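Each structure below appears as structure tokens.
Look for chain A in each of the two complexes below; its partner is chain B in the first and chain C in the second.
Here is the complex of A and B:
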């Protein structure tokens, strides 16, 4: 069909372009196609970021923020909350990835949808749902009282555990996919061979599947950690005053203290940290032989 | 792969709480919004549309909804145009500096949103244009464009660049090459990318929060502001709306994947930070 249409589309009475002209014409088209996105990103992405970096070098900003005990506190919080969330996320993500890997086509599609629904849902909606579940008269508290574990509602919200729960829930899909893709690249015959040689399922898992999926585990871990470090909403909605992370500190400097150079310095620190981790992440993906989509 | 040995059953058993952990919070949102009570409770005490009616009668919330839809429209239109032209422009090409170009296109996915939020806040203040929905929409377009680029690129993967050459040597102009060669191939990727862009914009909170003004407060910003004081039925209705949008997006994605029989296409995620 396309052949006929294409021939018809040729303007009548115009000879095709001479041979030598074609490559040049194609090259022009190609630059024109890239021009819009490059112009857009230079004006609306690179220049705001450049301005930000520039303002971070004014007024002794780096020294000032790093001497602020609140900043130091938030940096420590960022690292410890991110680390805890990452560990929990990767473990739970591994369980999900294993089930996905082991299930048949139909189950797999359904379970994939289950994993992807929270991914499509905004972070605020998910945190709101957790706040409903964990509030004083929420279902978790009434369950604990019915079972007799507690007599009165306990404060499940506004603490670090709640922040980690909320973050793990958002991060889980990001851990599942790298692990799942490293599991699918394992040759099925390895397990079959081991089984025929008398290996128990436990040792097949420990000695074949787990080692061969380590690239997926490290990719998942890094990706999840990278995303964790930038969390802003969950610490506010689900955490207490002592759980503020670096992103919240940036907000505090910018909108409460209106100290833009201080906020910019913190933002640069966060970006540098994330960039280093992204570089390592891409190394890991390459080493693991996974085709990275980026 | 369907062997049901005890270990397999143990794995299934172990995974049930994890799947519940994943699904339950999203699943309760709609019932909570339809709860027949002035308070936020789960399980609901009865079905009522009072909260929904209350939401749509409250001007603060409806204008937040309008603002969100406006910013999403800006993000989708710009994202689709820029993402598609970039993917077509780079398709089947090798040139020095290509990696840098691709890196620049994808970079907005990697920078933490709070950093971008601060950068845009400073940038648009210095231009004196803060106070309308336009800068928020533009900011959303910056982070939505890489998604459209990735989904379009994925759908172009099967197109042989030689096809374009032969179309051109047969005399097809660029418009007809686009319509008859590129468009049929990239259409699923474009639609999928547009959905991603819409979803990114409609859920984006941090940048919109920094750039908010009385005349430009998006739905997530209104939710975020209210949620810190109280859990109200209107927040629940707003959440339910967003979950419905998410479910529709996901359903489309699943249908698209089932049709194409490739799970890889589901995930042009790369490194993308929700927050």
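Here is the complex of A and C:
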């Protein structure tokens, strides 16, 4: 609509005013405003990153780490654990966001607090809390035994499920907020209109709410996946020896083997791998969007 | 897009027009202690175009929302086609609703928007498409079916909203300030189009607006609302020319309100004492009350070169403003401020500000009112 108005307005002789004096002044200001953050970035981010990339190319680091079967295993772990955590987090996050969106002011404030509390709690605290809950004589196991579902404690800790549980708990806020904000941007009257046109609640969700909240879902998926590839503490605290992720290998190379160029190579491999996956993800999303257009 | 296209396409519609009445009986809506709508009685006859007109907070939108079923009324009853619908959800009321911002589904094409109601009614795909296309054609958007709402102009979006509300042959159409987002010229054009469409379909319309010009232009009947109550209801000309209260008179257009005392009533006229303006004869509606005022529309006050016995006041011209088609004169007369409006083409050789002249009016154009404010 605004496009049409613009196009209509232009022929009437309101061409954008020729800018002469202003841009020069604006350009100087622009640089000045950027200077502090640029300096900060160059000194504290770009130069160390350059050094890291540079050192990864010394002493056959890539060949060395890729020949390490544990590294390959960790890479596969990283991708599969991250993928599983992302799917679970986005699904759970969507449900929470829906409830938040639908609830009244008081419930909403309480729910927000519940979602934000883990966000503000240290990751170590959260993971150890889960470890306490899931250990052999923890609440979950004693409950299962009291109810009579099992006779002996079930191994709930130090396996992949535990890692995913711990990660999902940390990642939830990153999914809830993008989805919630895309839900709140949906005009309430769309649901009213759908209702007047004969739609039941299920159809309104499937045909109106879900499609219109996909931007939030895809943003949440991307954000959660990228964050989850860097998890380091959770696999240590809650996982078994077979659940180590790439960040744990980087730590191992840097601190146990003091092979810094190997650690650097691993960091670069992870970054490149995630970048490729993100690119594919966005390509798929775009294609999906175009398909929906037709 | 001409209106004739609409009416030609619309005449192919098969549904009979002898249905679609809306009735509200003693409907009341309260939010806590606040009464939004109070004991409202209203009937929209089949094929009638009824406008709820009132300022914001008058309860007009709440009333419409209760008819649509989006708001539950506290007491009373809503009937559609003579059947109570109080317990029916909106989807079962069979009413087409057009919202203020159109509420088109942004991720669907114009056609998919129109098809939505048919999809919900499990109409087979081929028929669905055919009906949606003919509804779009009816509103002059036959070639725009594949466009998304954001690729359409405001007027086109409104047509899609109309097609979407009409495609399932609803019992009646509810329009909630549908022209508020359009510019003045487009708004006037759409008023005519909607009116033509409504007439040719013979569909009943409940229209909500705060714009008195829009209400005047489109309605068979205007229902003026204030503070959750109906103040006056009747054909546009009647409400405009013969308002019941001073509030209605000033809400619907400009008017001159002159306090008065009634001296005598006979033959449908009343003789009133207008204070500084002398005696006057006005149309007597037999209103009862202590405080009276006479309302004369600015266009019904005429200049006169000589004095007459009554219906005539001596006035001093304060200012004249040319508004294009009309000229607005401000005068003072007997301690009252008066406004006279005349066509620019008639306003030749008018005296300069400060000059003294006479104003006069026909008894039938002056309305005796109860003072409400």
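The criterion applied here is as follows: the second predicted complex is superposed on the first by the 231 of 294 C-alpha atoms of A that agree within 3 Å, B and C clash if a C-alpha of one lies under 4 Å from a C-alpha of the other, contacts with A are read in each partner's own complex, and residues count from 1 in each chain.
Note that in this section a contact is a pair of C-beta atoms (placed from the backbone, for glycine too) under 8 Å apart; a residue touches a chain by one contact, two chains touch by 3 or more.
Predicted model, so just to flag it, every value in this text is computed and none were measured.
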**OP:** Please work out whether A:275 is in contact with chain B alone, chain C alone, both, or neither, and reply first, second, both or neither.
**Re:** first
Original post:
When the two structures are overlaid on chain A, which partner does A:199 contact: first (chain B), second (chain C), both, or neither?
Top reply: second
**OP:** Report for A:187: first if it touches chain B alone, second if chain C alone, otherwise both or neither.
**Re:** second
Original post:
Per the overlay, which chain contacts more chain A residues, chain B or chain C?
Top reply: B
Original post:
Does the superposition put A:147 against chain B (first), chain C (second), both, or neither?
Top reply: neither
**OP:** Kindly list the residues of chain A that each of chain B and chain C touches, one partner per complex.
**Re:** 3, 5, 292-293
**OP:** Write out the stretch or stretches of chain B touching chain A in their complex.
**Re:** 1-2, 5, 7-8, 11-12, 14-15, 18-19, 21-26, 28-29, 32, 40-43, 78, 81-83, 85-86, 88-90, 93, 101, 104-116, 118-123, 126, 138-139, 141-142, 145, 149-150, 154, 167-174, 176, 180-181, 199, 202-206, 210, 220, 223-224, 227-228, 231, 235-236, 239, 242-243, 246-247, 249-250, 253-254, 257-258, 263, 266-271, 273-275
Original post:
Residues of chain C touching chain A in their complex?
Top reply: 68-70, 89-93, 95-97, 99, 101, 103-107, 116-117, 120-121, 148, 150-154, 157, 164-165, 168
**OP:** Mind listing the chain A positions that touch chain B in their complex?
**Re:** 2-3, 5-7, 9-11, 14, 16, 22, 26, 29-34, 36-38, 40-41, 44-49, 51-52, 55, 92, 95-96, 98-99, 102-104, 108-109, 111-118, 120-133, 135, 137-139, 169-170, 172, 174, 177, 201-202, 223, 226-227, 229-234, 236-237, 247, 250-251, 254-255, 260, 263-264, 267, 270-271, 274-275, 278, 281, 292-294
Original post:
Which chain A residues qualify as touching chain C in the complex?
Top reply: 1, 3-5, 187, 189-190, 192-200, 203, 207-208, 211-212, 292-293
